[in-house]
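Presented sequentially are two complexes of chain A, the first with chain B as partner and the second with chain C.
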Partner chain A sequence: MPDYSWPAAEQRTLIGKRVSRVDAPLKVSGRAKYSYDYTRPGMLFGKILRSPYAKARIVSIDTSAAEKMPGVKAVEIIQKPGTTVQWAGDEIVGVAAVDEPTAEDAIRVIKVQYQQLPHLVSDAEPPAGVGGVPGPMSEDDIWDATDLMSPPQVASQVSQLGVTFKASPDVIDEFKKFGLPAEIVEAIQKAAYHPLAESSHSASWYQKASALHQGDPDKAFAGAEAVSEGLYGAPVITHCCLETHGSTAEWPDKDHLLVHLSTQNVSGIPGQMAEPLGLPAANIRQQQDHIGGGFGSKFAADRWDITAARLSKKAGGKPVRMMLERDSELQVAGARPSAYARVKVAAKTDGTLTAWHSESWGTGGPGGGGMPPIPYLFNIPNQHKEHTAIRNNIGPARAWRAPNHPQAAAITMCALDDLAAKLNLDPLELFRKNLGITGPRAENYREEFAIAADLMGWKDKWRGRGQDRSGSVARGLGLSIHTWGGRGHSSDCDLTLHPDGSVDIKLGSQDLGTGTRTCILMVAAETLGLPIEAISLYIGDTMYPPSGGSGGSTTIGGVSSSTRRAAVDAREGLFTKVAPALNAQPADLECVNGTVRVKSDPSRSLSWKQACSKLGAVPLTARGKNPDKSKPPDLTNSGVGGVQMAEVEVDTDTGVAKVKKIVAVQDCGLIIDLKTAESQCYGALIMGITYALYEEKIMDQLTGRMLNPNMQFYRLAGISDIPELVVHMMTGKGYDERGVIGLGEPPVISPGAAISNAVANAIGVRVPFLPLTPDRVLKALADHNLD
Partner chain B sequence: MRAFEYATPQTKEQAVGLLGTKWGPIAVLAGGTDLLALMKDDVEQPKRLVNIKDIKELHGVTSSAQGLRIGALTTLGDLADNANVLQDYPALAEALNDAASPQIRNLATLGGNLCQRPRCWYFRNGFGLLPKDKVGKDLVAEGDNRFHAILGNSGPAKFVSPSTIVPTLIAYGAKVRLAGPKGNRELPLEKFYVIPKTDTEREHDLRPNEIITEVFIPAAGGMRAAHYEIRQKAAFDWPLAVAAVALNLSGSKVLSARVVLGYVAPVPWPSPEAEQALAGKVISEDVAKAAADAALQKAQPFTHNSYKVQLARVAVKRAILKAAGGAA
Partner chain C sequence: MPENDPKQPHDEGSGVSRREFLKISSISVAAVPIMGTHVVEAAGEPVKVYGPGKVPVELTINGKKHALQLEPRVTLLDALRDHLEITGAKRVCDRGECGACTVLMDGKAVYACAVLAIETQGRPITTVESLMQGELLHPVQQAFVDNDASQCGFCTPGFVVAAKAFLDKHPQPTAEDIRRGLSGNFCRCGTYHGIQQAIAQMAQKGV
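So, the complex of A and B:
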């Protein structure tokens, strides 16, 4: 069997080097085509009438005036009278017309009568005593619970509380497919079914999860040498994709649908559109060249995409472009759940952590959501945790880059930092002291801390809280650590060698702008001994072999493994054909520098083109897969660690905090492209500065609407807000041999915590919640001065 | 965006003739950086746009012994680069360069800057300039007022006046010149702004059938001026407080001062209290602080914006020190 393992360090020609992304020229010159850019002759424009109310029952819908309007080609009711909408901006009616203004005019003449219902859009701390009894569990609740509890605990909770959905075979299959442990699946099948009556739903805005216990927290707190208490948290933020969600749908004939949907999940789209459209998935084709951001919010064919397909069908198959407006994008196309907690944490005077107590709450919209994984990373021996989910009307949540981890880090790392301050310890010492309870990455963190401290100049710069001031300027340092899985997803890759020497690769993956294209080409080029330019790469189409969705940092491990196996197999196939011409055995050959040659006698060689001519008349295609136990070794792995340190300056008169420098030290196994890996970290730090200082989905309590669904009040960091960013990737021994591991999520987890800790260190007092806006900084300072 | 009629008059008389007597159905279009955004969001729905950019006399900047005449169509970018502005009105150049982004400054005109609509998020989300809900609850007073007015806010108007440039213009004593059906009129820029009491009023004294033709800034003499903004982001962000200060000094003593606050009230907010506190004094940290305290003495914050009182105070103090040449 051929050797599929990654080439040894001394043999690598491309892997691990800094290679500029292959699509950079297209992007910087504006030639890269996004779904938004897909334009067809005769294309219609879709618009959606959205609910102005956060909660309301639809009483009646009259679309007659819109249907009669010249230029309107199709109207589609999305939610029928009788339905209750659960958030402002929810989809009611879709329209397709010859141009955007006509579609907007049509939307304005549709008459909808609503019965407004009381809404809740706040995620403030739940009043005492609410949500005492946990209700039946939704599918989301069950998945959430698996993050927090062991399978037997979840199974028993399911049996106790019942479920809110019918456990149909489809639903059960879905659970199995996504790896829900068998005992929970069994519990679901046996559980009582409690359909969520409308009334009981709104009556229980607050849902308390059962308390979680570990060790003996009461005793540990009673005997604690030091206890620190605090309030921490991170608000709901949106994904704010610069290319909004949406698609163009068209029917080339009455049985086939072609969609250009902006997605992180090319291969998954037909399966999602099939059922609602009553069309075999095999008749649906999805294409996408480039995507303008997803961050976890673009895995599904959304309701507006299904609507576009239906409108197109009604309009005789004409293409319908349905891309969200900026305000809808921010209102409905995804949000990161909030998480807040009152935390008590105990330690010995030397900083050894002994006990954790948290009462947390947060919202992920109507689904409520689960407790973030707190205490994050540090498995403190004694714990008591309670969580209340707020099921409110702010709009639905979606996975946001490293789901729940940034919130958990903000709560945990800030609590530990306050504890260090209380003990008069340098937080670096407290964190280091407790690395033993962080699990398998403990030694990594130790190494990474040493490098990060060096790059930040921590030893020279760090002072106790509020100690580094000149005039109104306070300076401070903060840190945080994080982890993530990142094992490669399933991926199929076809690599074809053509008799004329050209090479192509096809896989139904997508490049989120992370450099996926570049990495696939690097792996293939390295394996075939060719330059990157010698290979043509085709991705982003369901005509190609399926590859997983790009979420959970799973893409690089998946596509690099499948590409490696395909390339090795293709190479072996070529060797078999070429061996006779070189008077050698296939196993004696190697591909180096555009030649196929005999390992022991490199003078016996053929150029790549000559070698491929031996293939005969038909190209050779090899299918590589991940995972593939039949072709060891495993080329991907799971589990990374990262350390970040932030330096800030705060103007204590104005409350304006500025980040001066961030250091990120990160491991992710074997790095394919060092340059795009570093870019992932730079991007994550910029995103981190944004959610630490500026970003928040601000809801209006009276109207139930989002107040900042635009780029003037939904603020993102600009170029002048970005300080010196220092990224150090861990490579070499101890890292490379682990295989390829994803990097998309981990570096975005720590910035919020590290920046908050730096601000606390600077001004001498904790600003409880992100974002650290001037009003909050000034309030924290004022409250402190009152004490 | 809704369909509209588009007119491109060549003279100000033609332009004025194309305007109406009511706000709403007809709007003047200059750079469009604000108006078009409002139309796209369906907050404004004009049926006719009167594009004034072809009117030659509204362009250009001319300098004389009396001062600087700035045509209403001068872009913020051109004005920031103007040699006379850089030399005689450096605080204005700074205010201009602090505003928006280079792309917007290249399109945005001074006339449009004076007339841009408030940034209040209730207004921009379609709840009206004096926003109320169906049962008459005041959305700002009872809602999220973190960015709203702390002065001049006792009536129904609670938004803040949006220009970051106007306070400096007022501090320099600028006048605005208008053309209407009955001819031209001129008024001090500070008098151009009014606090609306009903939904049919605007936030300035412009009539629906008038246009701004130019802004005139008297010669600055030996005046020392400064513009100071507090905003969270380094650039491209709405400020939380603005202060503009112009000092007439004799030696180190203040003969007279202009102190104008921005982003604190529905109008640009000159502070006679602060001006009095400075008159006759030698600027020091304490004097600046006393003037800042005086400027904010009558502040009446809402539930979520008391921090703005502190920020406005800091802005005034720092602007005074900066104008006097001390550290900002």
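So, the complex of A and C:
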């Protein structure tokens, strides 16, 4: 059997080097085409009428004026009278018209009568004594539970409570793909299906998750040498993809649908659209070249996409473009659940952690949401934790880069930092002291801490809380650590060698801007001994072999493995054809520098083109797969660790916090492209600064609407907010041989906690919740002075 | 406020200027429509009013003239993207808040979503598509590639155009100049580090 394993360090020509993103020239020149850019002659423009109320029953809908309007080609009622909408911005009616202004006019003349119902959009701490029995579990609830309980416990909870979703084969496959233990999958298949009944929303907005207990927390707190208490948390934020959600749909004939949907999940789209449209998945083609951001919010064909397809059908199959407006994008197209907690944590005077107690709450919109995995990373021996999920009317949550981890880090790492301050310990010492209870990556953290401390100058710069001030400017340092799984999703890759020497690769994957295209080409080029430019890569189309959705940092593991196996097999196939001409055995050959040659005698060689001409008339295609137990070794792995340190300056007169420097030390196994890997980290740090200092989905309690659904008040960090960023990737021995591991999620987990800790270190008090806006900083200072 | 802030009002132009608009709000007499254009008397002076409905609009994009029929409410951005299929400038906020739609008008950076197409008649518009010389990237574009200043790339064309306009005006910017000069554009993926490096590289080369 050929050797599929990654080439050894000294043999690598491309892998691990800094290679420029292959699609950058397209992107910088405006030639890269996104779903939003897709225009076709005769294309219609779709618009959606959305609910102005956070909770209301639709009484009547009158679309007659819109239907009569010249230029309007189709009208589609999305939610019928009698339905209750659960969030402001929910879809009511869709229209398609010859141009966008006409579609907007048509939306304005549609009359909808609503009966307003009481809503809840707050996620403030639940009043004491609320919280019904736990309800049926959503898909998210189940994943969350796996963070907190053993598989048999989760399985028994699933059987007891039932599930809120239909356990269709697709759903089950997805669970399996992402490694949900078999006994839980089995429990899901057998569980009772309880759709989230409307009554359950109004009956109980608060849902108590069962309390979790480990060790003997009461005794541990009673005998504790030191106890620190605090309030921590992170609010609901949105994904704010710059390319809004949406698609263009058309029917080339009455049985076939072609969609250009902006998605992280190219191969999964037909399966999702098939049922609602009553069309075989095989008759649906999804195609996308580039995607303008996803961050976890673009896995599904959404209701507006289904509506676009229906409108197109009604309009005789003409293409309908349905891209969300910015306000809808922020209101309905994705949000990260909030999580807050009152925490008590106990330790010995030397900093050894002994007990944890938390009462947490948060919302993921109508679905409620689970407890973040707290205490994060540190498995403190004695624990008691309770969580209340708030099911409210802010709109649904979606996976947001490293689901639940940034919130868990913000709660845990800030609580530990406060504890260190209480013990008069440098937090770096307290964290190091407790690495033994962080699990398998403990040594990795130790190494990363040493490097990070060096790059930050921690030893020289760190002072106790509130000790580094000049005038109104307070300076401080903070740190945090994080982990993530990874592994590779399932991926099929076809690599074809043509008799004229050209090479192409096809896979139904997508490049979110993470560098996926570049990495696929690097792996293939390395394996075939060719320059990257010699290979054509086709992705983003369901005409190509399926690849998983880009979530959970699983893409690089998946596509690099399938590409490697395809390239090795194609190479073997070529060797078989070429060996006679070189008077050698296939096993004696190698591909180096655009030649196929005899390993022991490089002078016996053929140019790549000559070699490929030996294929005869027919191209050679090899299919590589991940996972593939028949072609070992496993080329991917799971589990990374990262350490981050932040330095801030806070003006205690104005409350403005500025990040001065962040250091990120990160491992992710074998790195394919060092350049785009580093960019992932820079980007994550910047996104982290944004959610640490600025981002929050602010809801108006009275109207139930989002108050800042625009880019003026939903503030992203700008170039002027960017401090010195130092990224250090762990490579070489101890890291490379682990295989390829994804990097999208891990580096975005720690910035919130590290920055909050730096601010606490600077001003001497904790600002409980992110984002650390000037008003919150000033309030924390004022509250402190009152004490 | 950034020096080349495209949010600055630009009130000259051949369309309905802000000054004329104010006059229209005190219209006294309506007059005869000619070619989709009305003349009304406002504050004692005759004023041209365009639309509703489509009117002929001639745009000069990347040195080429385009004759279009557009409703006066159509923005330059939508005219480019939906009527001319020039899609490099992106629609992200559609209200002058993010810079993704940045193009050059009379050589100055403007937000194409914040300008009506009809206002730009007779004023040359340059989009990101015209920066390349044949297959050769403009030095600003090459610097973006070298420094990995794009991830998803959706903000990138706007940044490239803004960076070009900025460097034309400040060939030797300081770090502080870069921070101020490019603060009218936003990126969600977080490519600012690469953008800073790209512009610093350009400044070093003295391009």
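We take it that the second predicted complex is superposed on the first by the 734 of 787 C-alpha atoms of A that agree within 3 Å, B and C clash if a C-alpha of one lies under 4 Å from a C-alpha of the other, contacts with A are read in each partner's own complex, and residues count from 1 in each chain.
Everything below uses one rule, namely that contacts are C-beta pairs under 8 Å (C-beta built on N, C-alpha and C of every residue); 3 or more make two chains touch, one makes a residue touch a chain.
All values reported here derive from a predicted model rather than from experimental measurement.
In the superposition on chain A, A:P25 contacts chain C only, with no contact to chain B.
In the superposition on chain A, contact of A:P101 is made with both chain B and chain C. Contact with chain C, but none with chain B, is seen for A:T676 once the two complexes are overlaid on the shared chain.
Applying the stated contact rule after C-alpha superposition, one finds that A:S720 touches each of chain B and chain C. Looking at the shared chain after the overlay, A:L778 reaches chain B, while chain C stays out of its contact range. Legend: residue contacts after superposition of the two complexes on their common chain; A:I374 is shown touching neither chain B nor chain C. Counting the residues of chain A that each partner touches, chain B and chain C differ, and the larger count belongs to C. Once chain A of one complex is fitted onto chain A of the other, the partner contacts of A:N710 extend to both chain B and chain C. Contact with chain B, but none with chain C, is seen for A:G655 once the two complexes are overlaid on the shared chain. By the document's definition of touching, neither partner reaches A:L743: not chain B, not chain C. Shared contact residues of chain A, touching chain B in one structure and chain C in the other: 101, 710, 712, 717-720.
Across the complex, chain C meets chain A through its residues 71, 73-74, 78, 81-82, 85, 87-95, 97-98, 100, 127-129, 131-132, 137, 141, 144-146, 148-157, 160, 178-180, 182-183, 185-196.
Contact residues on chain A toward chain B in their complex (touch as defined above): 101, 104-105, 327, 653-656, 658, 693-694, 698, 700-703, 705, 707-710, 712-713, 715, 717-721, 773-775, 778-779. Listing the residues of chain A that touch chain C in their complex gives 20-21, 23-34, 36-37, 39, 99-101, 240-244, 290-295, 323, 325-326, 512-514, 675-676, 678-679, 682-687, 690, 710-712, 716-720, 722, 725. Contact residues of chain B toward chain A in the complex are 1-3, 41, 119, 121-122, 124-125, 127, 133, 137, 139, 142-144, 146, 230-238, 240, 304-305, 307, 310-311, 314.
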